[in-house]
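Take a look at the following structure, please.
Going in written order, the chains are labelled A, B, C, D and E, and every chain counts its residues from 1.
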Amino acid sequence: MNTVKGNKQLSLVSLKEKVQEETKAIYAVEKFNLWYGENQALYGIDMTIPMNKVTAIIGPSGCGKSTFIKALNRMVELVPSVRMNGTVTYDGENIFSPKYKVEELRTNTGMVFQHPNPFPKSIYENVVYGPRTHGIKKKRILEEIAEKSLKEAALWDEVKDRLDENAFGLSGGQQQRLCIARCLAIEPEVILMDEPTSALDPVSTGKIEELVQNLKKRYSIVIITHNMQQAARISDKTAFFLDGQVVEHADTTTLFSHPEDKRTEDYITGRFG
Amino acid sequence: ACGNTEESKGTEEDSQNVNAESDGPEVVVDGSSTVFPIMEAVAEEYQKENPDARVNIGTSGSGGGFEKFAAGETHISNASRPIKDEEKASLEEAGIDYTEFEIALDGLSIVVNKENDWVDKLTVKELNKMWSSYGDVTTWADVREGWPEEEIQFYSPGADSGTFDYFSEVVLGEEGEIRQDASLSEDDNVLVQGVTGSKNGIGYFGYAYYAENKEQLKAVPIVNDSGEAVAPDQETVQSGEYNPFSRPLFVYVKHSALENEAVYNFTEYALKNAGAMSESVGYVGKPDSAYEEALQELDSIAGK
Amino acid sequence: MTVNIKRMIHEKKSNRRFLSILEKSVPAFFLLCASISVLTTIGITLTLLVETVTFFNRISIIEFLTGTEWWPFGENASYGILPLITGTLLITAIAMLVALPTGLASAIYLSEFAPGNVRKVVKPVLEVLAGIPTIVYGFFALTFVTPMLQLFIKDLPIFNALSPGIVVGIMIIPMIASLSEDAMSSVPDSMREGALALGSTRLEVALKVVVPAALSGIVASFLLGVSRAIGETMIVSVAAGSTPTLTTDVTQSIQTMTGYIVQVTLGDASYGSTTYYSIYAVGMTLFIFTLLMNLLAQYISRRFKEEY
Amino acid sequence: MNLVDKQLVQRRRKKRLFSNRIMRQIFFSASVFGIVVLAVLLYRIFREGLPYLDIDFLTSFASRFPEEAGIKAAITGSVWLMAVTAPVSVVLGVGTAVYLEEYAKENMFTRFIRMNISNLAGVPSVVFGLLGLTVFVRLMEMGRSIIAGGFTMSLLILPIIVVASQEAIRAIPNSQYEASYAMGATKWQTIRRVVLPAALPGILTGGILALSRAIGETAPLLMIGALSFIAYLPENIWSGFTVLPIQIFNWTARPQEEFHLVASTGIIILLFILLLMNSVAVLIRHKYSKRY
Amino acid sequence: MNTVKGNKQLSLVSLKEKVQEETKAIYAVEKFNLWYGENQALYGIDMTIPMNKVTAIIGPSGCGKSTFIKALNRMVELVPSVRMNGTVTYDGENIFSPKYKVEELRTNTGMVFQHPNPFPKSIYENVVYGPRTHGIKKKRILEEIAEKSLKEAALWDEVKDRLDENAFGLSGGQQQRLCIARCLAIEPEVILMDEPTSALDPVSTGKIEELVQNLKKRYSIVIITHNMQQAARISDKTAFFLDGQVVEHADTTTLFSHPEDKRTEDYITGRFG
C-alpha cells in the first residue's frame, strides 16, 4: 500500500480502488495457514485472485482446495476445530478483522458446491431466497430478479413454466444451474465454485462450462476442478495445490504448456491423483 | 362347617391360581388402602418373629381387593366397608367361603381450618344440608345463622373410596348426592393441604390423617344419637360415643386358605395384635373382648 | 502355499444344508417377533372391547357419548364421557402451549446455535428430565407449581387443570426438543451451507431453511407429544383432583380419562359393577383417541416427507 | 441492471444481525428452562430426602416407622422386573427391527406392522395396564407375579426398542453389506456377523433408555396389582413383587409427614438408578458414535 | 462349442477347459441388458474377460461401469428394482441359472470398492471374516490365512504388530489394501475392483497399482478407473463404456494409441467427462 497519510476518507477509497485497478486483484491472500485441530491443512498460502477472471484450482484429493476456497468466504469457520493465521484481503479489507461482518462477505461472494444443494422449496423460492433474506420484499422486484438470475444461469427457458414446482424435481445439472442462479440473485462480486461439475453428466458439464465463460464478464470466478481438461478449457489462471501448499500459480496456458515445477508436470500428465 | 365346602371346591381353586394356593409360606393380602397401614404393621411385626414368613400386602382398594379375592388370587382381603351384595355373589360363584372380621375402628373426622373459630359442633342434619347437592348452602351463614357469610370450600375423598361411601351413606342417605363443587381427591394428604390452606374449608377423612395433622386442623365435634357433641379421639371412637362416624374396618379371610399353616398363623397373629397395631398407625383398636371372640371364631373355622 | 483355502472351503460345503435351513428358519423367527406387536394391538382391542360391550349393554352408547355429566358412583350414576374428554383436552392443550414453543426453541438452539459440547451436555440432561417418573412430577405440580400459581391467581383452588397441565408440558419438553432436534440435525449440512453462503444469519438458516425442511419430523414430534399428554396418568391423578367437570376454565378441578381409570382401579368399585366396566369403556375411548392422534402423525410425516 | 439495492441490504443487515442475537438468547433461555426446572425439582427432593438416606435405607424392608423404613424390597423387585423385561423386550424388539429392515417385503402386512408399532408407541400406559391385568394376570393365570409385570412392561417399551434398533440398523452403510455379500456370506451370516455387531451400540442405547422408562412407570403396575408391602425377596419370576415407584407412591399417600420425606429418599434412589442407566447409554453412544 | 457328443463327463470337462484355455476367458457376457426399474442401464453388452489379465473399464460417470461389474458377481441384485436378461457365463456356467448358488459365485470372485469398507472389527478379524464365514474355525489355520493374505496385499509389514487394533485406525490406503487382503483370504479366482484408488492419495495409489500388477499372475482382475493414465499403466485390456454400451474393447495399448471410435478418442483426450 501507498504511504499517503492523513487524508480524507474519499481520497483513501479512491486510492484503494486505484491500487486494485492496477493489480486487478479482488482477493489477496498472504501467509495464510490453517489447521483442523492439530492437522495443518494449508501452509503459508500466498496468492492473489484477479478480478473478472476465472481462476482454476487443481490438485489431488485432500490437498486443501476446498479448504482454501471456503476460507475465502469464511465458510471454513463452520468447522469448530479450525484455527487460522495470516491475512486474506477482500476488496482491500481484511476479512478476518473483528469488525468485518461475515454475512456481508458472504453476500458479496456466491458459492456453488460440488453437489447441487437447492432448498426443498419451489424453484422460484430458491432463487429469491437470497434477496428475500436481505430484505427485498416487493413481489415485482423479486420476480424480476428471479427471471434475470435464471436467464443468466441459462436455466430460464427450461423452467419458466414450472417455477412453482419443487426444485428437487430438476435434474442434477439443472439443480446445479439453479444453485448458480440462486447465488447470482444477490449480485455477488465473486463466485466460488467447488467442483461444480464433478457430479454431472457431460452435457450438463458443457452447459456449466459455457455459463462460467459468460459469467466471467461480470463476476470474478474461482473454480476447483479435478479435471485438467476442464481447467485448461475455461480458466484464465490456474493454481496447483499439493499437500496444502500452492506449488504453482500462473496463466493457465503457461501452466499447462510449460509447468515450472516437476510435481505440477507429474500431476497434469496424470502421473498420480 | 367348612370341611365339605373345602372338599368340593378345593380342586377348582387349585387350578385357579398357582400363586395363592401353593402350600408355601406365602400369605397374600390385598384390598383397602385404608386398612393397609394396620396390616402392614402387623406383617412387619409378624415377620420379625417369623423370619421365614412371607406376607405380602397390596393396596388395590376395597373393591379391587374383593375382585382379586373372588379371582382366587388372595388369601385375605382388607376392606374399609362391609362386603357388597354383588361381591358376595361373585365370591359365591367362585365357590369361595370366607369370614368377616372387624379388626379396628376408624373415626371418620370432619375437619375445618384452624382459623375457623365459629364452628363449635355440627349435626348430621347440618352436614347433610352442607354436602348435599340439593342443599343450596354456599356460605357458612347458610348453615347456621350468625356464622360468617363466606363461601365454603368442600374437600372430600374420591367418590370411589370406602371413606366416601361411608360418609355419603351416613350423611346423604341412599338417594343423596354429594355437591358438585366439592374438590375430590384420591389422596387424603391433599385434602389435608386443602383444608389447611383455605380458611373456609371443610373436609373429612380417616382419623389417622387428622391425628397426624392436629396442629394444622380442627376436628368438628359431631352431635351423636344421644344429642352430645363429641369430637373424635381414641376413647370416643372405641366406645362408640363418636357416632355415627366411628366406622369399622374389616378383613375377610378365605376358609380354604386357613388350611395353610402360614395363613392361619398370620391371621391369628393379626387378630391378637390388631388393637395395638392400629393405634400405632393412627387408628383405634376395638375393645379386647372383641378380638378374643374373633380368635375363637377363627379356631372354630379352622377346626382347631 | 501351506494351506489350500479353496479346497477347505469346498470341503465345508457340507455345512451348506444346515446353513440353508438356518437361512430359511431365521426370517420365520423374526417374523414371529414382529407379529407380537400385532398381537399386542389385538390383545388391547379385545381386552377393551369385551368389557366395553358389557358396559354398553347396561348404559346406552348415546348416553355415554353425549351425556354431559360423569358421576359413575352411587345411586344416581350418570355416564356421560364428555367431562372426561374435555378434562383430557384441557390438560393436553395447556401442556402443548408450554411444550411446543419451549421444546421447539430448545431444539433450534441445540441444533443450530449450540456449540458441540453444549449440545453434548444438554441433550442427556434433557433426557434425564424425560426419565423422571411421572409420579415425581405429580407432587412437584401439587406442592410447588400450584402454590407458585396461587401467588398470581388469588383464588386458585388446590386442584386445578392449570398446574398439572403446565407440568405435563414440562415433562414433554425433552421429548419434543429431542425428536425435533433429531429431525433438524438430519437436514443435510449442505443445505445450511447453501444458505449461509448467501449471507444468511444463523437465525434465518434455522427458520427459513432447516425448520421448513424438517417440518414433518417436527410436526410428528408435536403429535407424539400430544398423545403422550393425553395418556399421562400420575401427574393429573395427583394434582388435578378427581372432579369430572365439563368446563374450559383452567382454574377448576377436572378429571382426565386416565385419571379416572386409575381412580377406579385403586378404589372401591366392586368387580362386575357398572363402574368397573366403565373403566374399559373409558379405556377404549382413550385408545381410540390416541390411535387417531398417531394415525394423524403418521399421515403427516408421510405426506410431508422431506426429500433432500 | 442492479435490482438488488445494496444500500437497503446494508441497512437491513444491522436489523437482521440484531434479531439473530436476540432470538439466540430466547432459544437459549428455552433450553435453560428445562434445566432450571430439573434443578428446582432435584433441589426439593434432595433437601427432603437426603437426611433419610443411609445404608439402612437400602438394606431394610418397608416399615410403619419412617426412620426404619427401607427400600430393599422395591429395589430388588425393580431389578427382578428389569431382569424379565430387558431380555424379552430386547429380543422381541431387535427381532422385529431386523425383520422390518432386512427381510420384510414392502406389502400390506409390513406396512401394517410398521403402523402398529408407531401406534403402540402412543398408547397410554394405563391401557397396557388393563391389557396386562386381563391377559397376563387373569387369562394366562400368571397372577401378580414378576413375570406378568415383566411381560406388560416389555410390551410397553417394545416400540421404543424397535424404533431405536431400526435406526441403528439403518445407519449401517450399504458398503458394509456389500463387503460381506461380496465374500459369499449369506444373508443371515451378514446380519449376525456384520449388521448386529455394528448396530449393537444403537440397540443398547435405545434399550437402556427404554428400560429407564419402564423402571419409572407406576400406573400399569398399580393396575396389575404390584404389591405395596413385601418384606422378603422374590425367589423366582412367579413371586409377588413391589417396585420403586409403587413404594414411593405408597409413602406419599401416608398421613405421617415423615413418610413424605422418606418418599423423597426413594425418589433419590430411583433418580440415581436412572442417572446410572442414562450415563451408561451416553457412554456407549459416545464411545461408538462416528465410526464410519 | 465343439460337436463331440455322448461322451463321458470327464471328457466334457476337459473339453470345457480346453475351450477356455484357447480363449482364456473367465467370463463371457452375451447380449446382456439391465434395467433399474424403468431405466435401462446396460444395453446388449457383449464382452469376454480374459483369465489372469487385468481388464480396465473406463467411461464417464453414470455410464454403467459399476453396474456392469456388480452384475459379474450378482451384487447388482441387491437393488430390488433390478431386472436383467442375456447371459453371463463364469467358468463355463451361466451365473443366472436358477441352480447356480450366488454365494458360491461370490466366493470365487472378490470385490474391492471405491471407498475402503473394512468392518468395524480388528484388522485380524477383517481378514479372516471370509474363511470364518465359510466354516473354517481352526485358529491356527485362520492365522496362517491372515498372514498369507496380508503379505499378498503388501500390508503385512505395516500391520503385523497391531493385528488386534481396529481397522478404522488405518489410513485410507492401508484400509484399501486390507480390503484386498480380505478378499484374497478366500482365494478367489477373479477380483473385481470399482475405482479402488479414487479415494486415495498418490502414494497409496502407487502401492495399489503395483499390487494389482503382482496379483494378476494368479488372479483375473477387472478394474474400473476414471483415470485414463492409470488404465494405460496397469491394464492389459481396456473397455470403454458410454451410456450403458461397450463402445470399444481392445488391448490397452491399441485402445489408447489408435482408438477406433470417435467417442473413445474424445473421451481419452479429455474432451468430456
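The rule is simple: a residue touches a chain if its C-beta (ideal position, glycine included) is under 8 Å from a C-beta of that chain, and two chains touch if they have at least 3 such contacts.
By chain, UniProt protein names: A, E = Phosphate ABC transporter ATP-binding protein; C = Phosphate transport system permease protein; D = Phosphate transport system permease protein PstA.
Only a predicted model underlies this, so the values are computations on that prediction, with no experimental measurement involved.
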Fewest hops from chain B to chain E - one hop per pair of touching chains: 2
Common touching chains of chain D and chain A: C, E
Maximum centroid distance from chain E, chain identifier (CA atoms): B
Distance between the centres, which are taken as Cα means, of chain B and chain A, whole angstrom: 83
Geometric centre distance via CA averages, chain C-chain A, whole Å: 48
Separation of mean Cα positions, chain E and chain C [Å, integer]: 51
Chain centre separation (chain C, chain D; CA means) in Å: 13
Multi-chain contact residues (two or more partners), chain C: 201, 204, 262, 265-266
Chain B residues counted as touching two or more neighbouring chains: 33, 59-60, 64, 187
Contacts with two or more other chains, residues of chain D listed in rising order: 16-17, 186, 189, 252
Chains grouped in pairs wherever the two touch, ordered by label: A-C, A-D, A-E, B-C, B-D, C-D, C-E, D-E
Sites on chain C touched by chain D in the complex: 19, 22-23, 26-27, 29-38, 40-41, 43-44, 47-48, 101-102, 105-106, 108-110, 113-114, 120, 122, 124-129, 131-137, 139-140, 143-144, 170, 173-174, 177, 201-204, 224, 227-228, 230-234, 258, 261-262, 265-266, 279-280, 283, 286-287, 290-291, 293-295, 297-298
Footprint of chain E on chain D - complex, ascending: 173, 175-186, 189, 193-194, 197-198, 291-292
Contact set on chain C toward chain A in their complex: 115-116, 188-201, 204, 208-209, 212-213, 306-308
Touching residues (chain side chain A, partner chain E) in the complex: 60-62, 199-202, 205-206, 227-229, 269-273
Of all residues in chain E, those that touch chain C in their complex: 107, 131, 134-136, 141, 144-145, 148, 185-187
